[in-house]
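Reviewing the structure listed below.
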């Protein structure tokens, strides 16, 4: 583990990515405790304020403190994205490994169906699902998870198949190791690694999807401090105060670039050909 | 009463005489020709003039069709297809004289039969026209001769000429009204100043001058392109760049941006347009007037004007009338009073407040703003409001008139009777509050048949007081109607009704870009 | 490439469309919306609604409705929109045309930018240039499309006044106007796509550069540049075809927001309007057309790949 971390930190992408992601996670955990103001408290006389000591990043269209909203909104934004990605991955992994395990005609049938589902663009699929279930944060989560599942199924299956054929697995079998040992020590780490890389990158994609759903009025509901919703609401007021748009955008960009870089770093660190 | 008749008659004739000189005095004589580009913020899903429902659709049908009468910017009526009108002393029978020599776009002649067939089509429940309850208490309509139509009403009604200017009371050919009624969903056969050239609901509607229009002077423009912009900020950018010439509706936040742009004129007029919180008065906990009044008491109305209109509006008092309407006299203004609200809640059996989900559609965006603002204000009285937003079409389908707690948004109507009969009486077309208050109904009905101005004002003031007391809906603020245009556009004015545009009076100066 | 493979791929398209038609029909059946109410509006009487349901066959069992729908579809009849009362087919295909125009222009611009970036990143792997390329390509995906598009409009149209902000002009009406109006959306979409492809090119090229085959070429004394041009690039760029074809799905359905902000009435926007208005026949037709386009593009890409890459055996 230490060895792996060292390798991750040796790649610049990994180092920066890890730093940013840890920072974001710290905000997710401690943000609400750090927030100086009530994120929903409106102040008719303090609308569109520029950054000051009272309001570090200024105030929004209702006179609410943007800094506090960002700190508190980290949970709604990042936790949701991570959860949706994990659920989508689990469902996808289940389908993918089952398909790889079954093999033959069943595998063919499952994968062709997954391909067919993938021909519906994920945003569109998420939209249909949210419309079916009604717009709310939880339903948006389900929609994003469902939209992610087919892609993850495909990846899991191909990884599972390729790992089974690897030399080191054959070597372990030749050594007469037990199946449990082979699966635990040889296959699992190699199956999980690429999936974690894919997941990390998809988290930022999930943040975007949630934001887009909010933009279309189908994601988080106001006055939630979810970053995507904050940006999409801010578009109406951006000509009155640019900060309302800029700060949550910056927050999203930092989180998203962080997860992307970390994903790249992980991929390089896991790639044995360095 | 005789004097009354003459006044109506004169009003009608005076309007025709004045019509050619209608352009504002400050403008130079309008030049003919040119292509005008108007931007709208919603798709024109419906062009059937009897079935339109939203302002952009009214804009298009106003270009293609004519009513018997028309609303001027000061909310009085002028003649359109009718030349003049008279009523009997009881205001139960009205006679309209029609303009002669008018032709439909397909070349057929317009006559009293078309008016009769159109009115019957609007009143026929099978056609489901939104105008069915808005064109007056018409019991029967008949053609006296090809140039004269007679209306028999079910009760006295002083506002018929105004009612016939309603956005759905556009005259269509009798052959279509009684024949293939649905055919107007894809084509247009009207007597309006423009003819339909092309129609793509979500992108572009093009109309061209009707050479056979009854007024030889109008319209001034050769062609109007109506462009759909789904995104408000993009719509503003397009006007600033000069790609479009008129922005038919402007949100307050955009207004401030447009005001500072070169070559753009912003237009603003006070109006009775409002956003309200509708209660289903038949559903708990809102079936208790004390609960409704308690929520109304949590509202800081001046703050609301700032939050939802950026200052481009006036405080409301939970009744739909304001100084923009005739027959208006203010009732005592309700101030924010949290202690009183808590007391009322306790009396109603909610000592710890209650929780409810307030639904707001996303068009226009002020609905959501109002919802979030009232959520915060209500918190102080212990009321927990969860806000749920949804796409406008979904809202229309699932919540509007069905829900018991949602944000409404309504245009100013031409008369107090118009708005009361639209929303608040038991027989209102969209009786969304299900308030069903008999005393209120009686006051509105009595005012309908009252011609004496003071007496009528008195009746409406009593009706207002009743609403203010019972609060079928919270009306925290009125909006000014905002629009914008390039300075090379002449003769365009923001109309308080918000659904009237009068683009046939618009012309372009020589500074306008030439468009093929 | 054997005829067998070709046949198999073609059968797959039909299977895909069949599955998609089932999914979309199922979803639209469950969507809480009454097609009759949609058509007649909220002022309709219950009797009128009942009569319409009868004529529209809405009272029939679901599988009968599915059968009718499929049968009409096979005859090229997509039905009529509940919202506008217009036939769906022509409107959808002209929307698809606009979307495809936007998609192809965006792919073109994206390839011009993304491939060199990917190559630089691969060659200078782990160096400053690599990081810079990462950051550039991530900028496109760091923000939701609606923010990227908004910023682009503010910067290039509102402030600098270089380009018309939004709106769609048909190329047949005004060719130069159409190009001018397309530049901004095309830029926005290609910037979003850059990350995907440049990252792909980078990792493929890194892999190829480490193969024995390239090492052997280097050992034979070929210069780095020659190896890159003659051997590595060819093999590294081939998978790009597949990736780009996969992106077509995104380009059709994912750019809804870009189409909305730039007022381009493409197929994505048609669909979002239909979804919001519960215009069920339009949703059904739109999703199906989208899936069909995606399948066909991917089929073409696979064929292209097979023709270009002679080492791969297809059975």
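In this document, chain identifiers A, B and C correspond to the written order of the chains, with residue numbering beginning at 1 in each.
In the analysis below, a contact is a pair of C-beta atoms (placed from the backbone, for glycine too) under 8 Å apart; a residue touches a chain by one contact, two chains touch by 3 or more.
Source: prediction; values computed, not measured.
K.L.:
Among the chains here, which has the CA centroid at the largest distance from chain C's centroid?
P.N.:
B
K.L.:
Top contact pair of chains, counted by C-beta pairs?
P.N.:
Comparing chain pairs, contacts are most numerous for A-C.
K.L.:
Where the CA atoms of chain B average out and where those of chain C average out, how many Å apart are those spots?
P.N.:
41
K.L.:
For chain A and chain B, what's the span in angstrom between their mean Cα positions?
P.N.:
Computed from C-alpha means, the inter-chain centre distance equals 46 Å.
K.L.:
So how far apart, in whole Å, are chain A and chain C when each is placed at the average of its C-alpha atoms?
P.N.:
Averaging C-alpha atoms per chain gives centres 22 Å apart.
K.L.:
For chain A, which residues are shared contacts with two or more other chains?
P.N.:
Where chain A meets two or more other chains at a single residue, that happens at 131, 216, 235, 238.
K.L.:
Enumerate the residues of chain C that touch no fewer than two other chains.
P.N.:
150, 154, 278, in rising order.
K.L.:
Going by the contact rule already set, what residues in chain B reach two or more other chains?
P.N.:
In chain B, residues 233, 391, 394 touch at least two other chains, as defined above.
K.L.:
Any idea which chain C residues touch chain B in the complex?
P.N.:
Those residues of chain C that touch chain B are 32-33, 37-38, 40-45, 48, 83-86, 91, 150, 153-154, 157-158, 161, 164-168, 174, 260-263, 265, 269-270, 273, 276-278.
K.L.:
Could you please specify the touching residues of chain A with respect to chain C in the complex?
P.N.:
11-13, 16, 112-113, 115-124, 127-129, 131-132, 204-205, 208, 211-212, 215-216, 228, 231-232, 235, 238, 245, 249, 252-253, 256-257, 260-261, 264, 267-268, 273
K.L.:
In their shared complex, at which residues does chain C touch chain A?
P.N.:
Result: residues 12, 15-20, 23-24, 27, 30-31, 126, 130-131, 134-135, 138-139, 141-147, 150, 154, 195, 199, 203, 206-207, 210, 249-250, 252-254, 256-257, 268, 271-272, 275, 278, 283, 287, 290-291, 294-295 of chain C touch chain A.
K.L.:
Quick check: in the complex, which residue numbers of chain A touch chain B?
P.N.:
Its residues touching chain B are 40-42, 44, 47, 61-62, 131, 135-136, 216-218, 221-223, 233, 235-240.
K.L.:
Across the complex, what residues on chain B touch chain C?
P.N.:
43, 45-46, 51, 53, 125-126, 128-130, 132, 182, 185-186, 200-203, 227-231, 233-235, 237-238, 240-241, 243-244, 391-394, 396-398, 400-401, 429, 516
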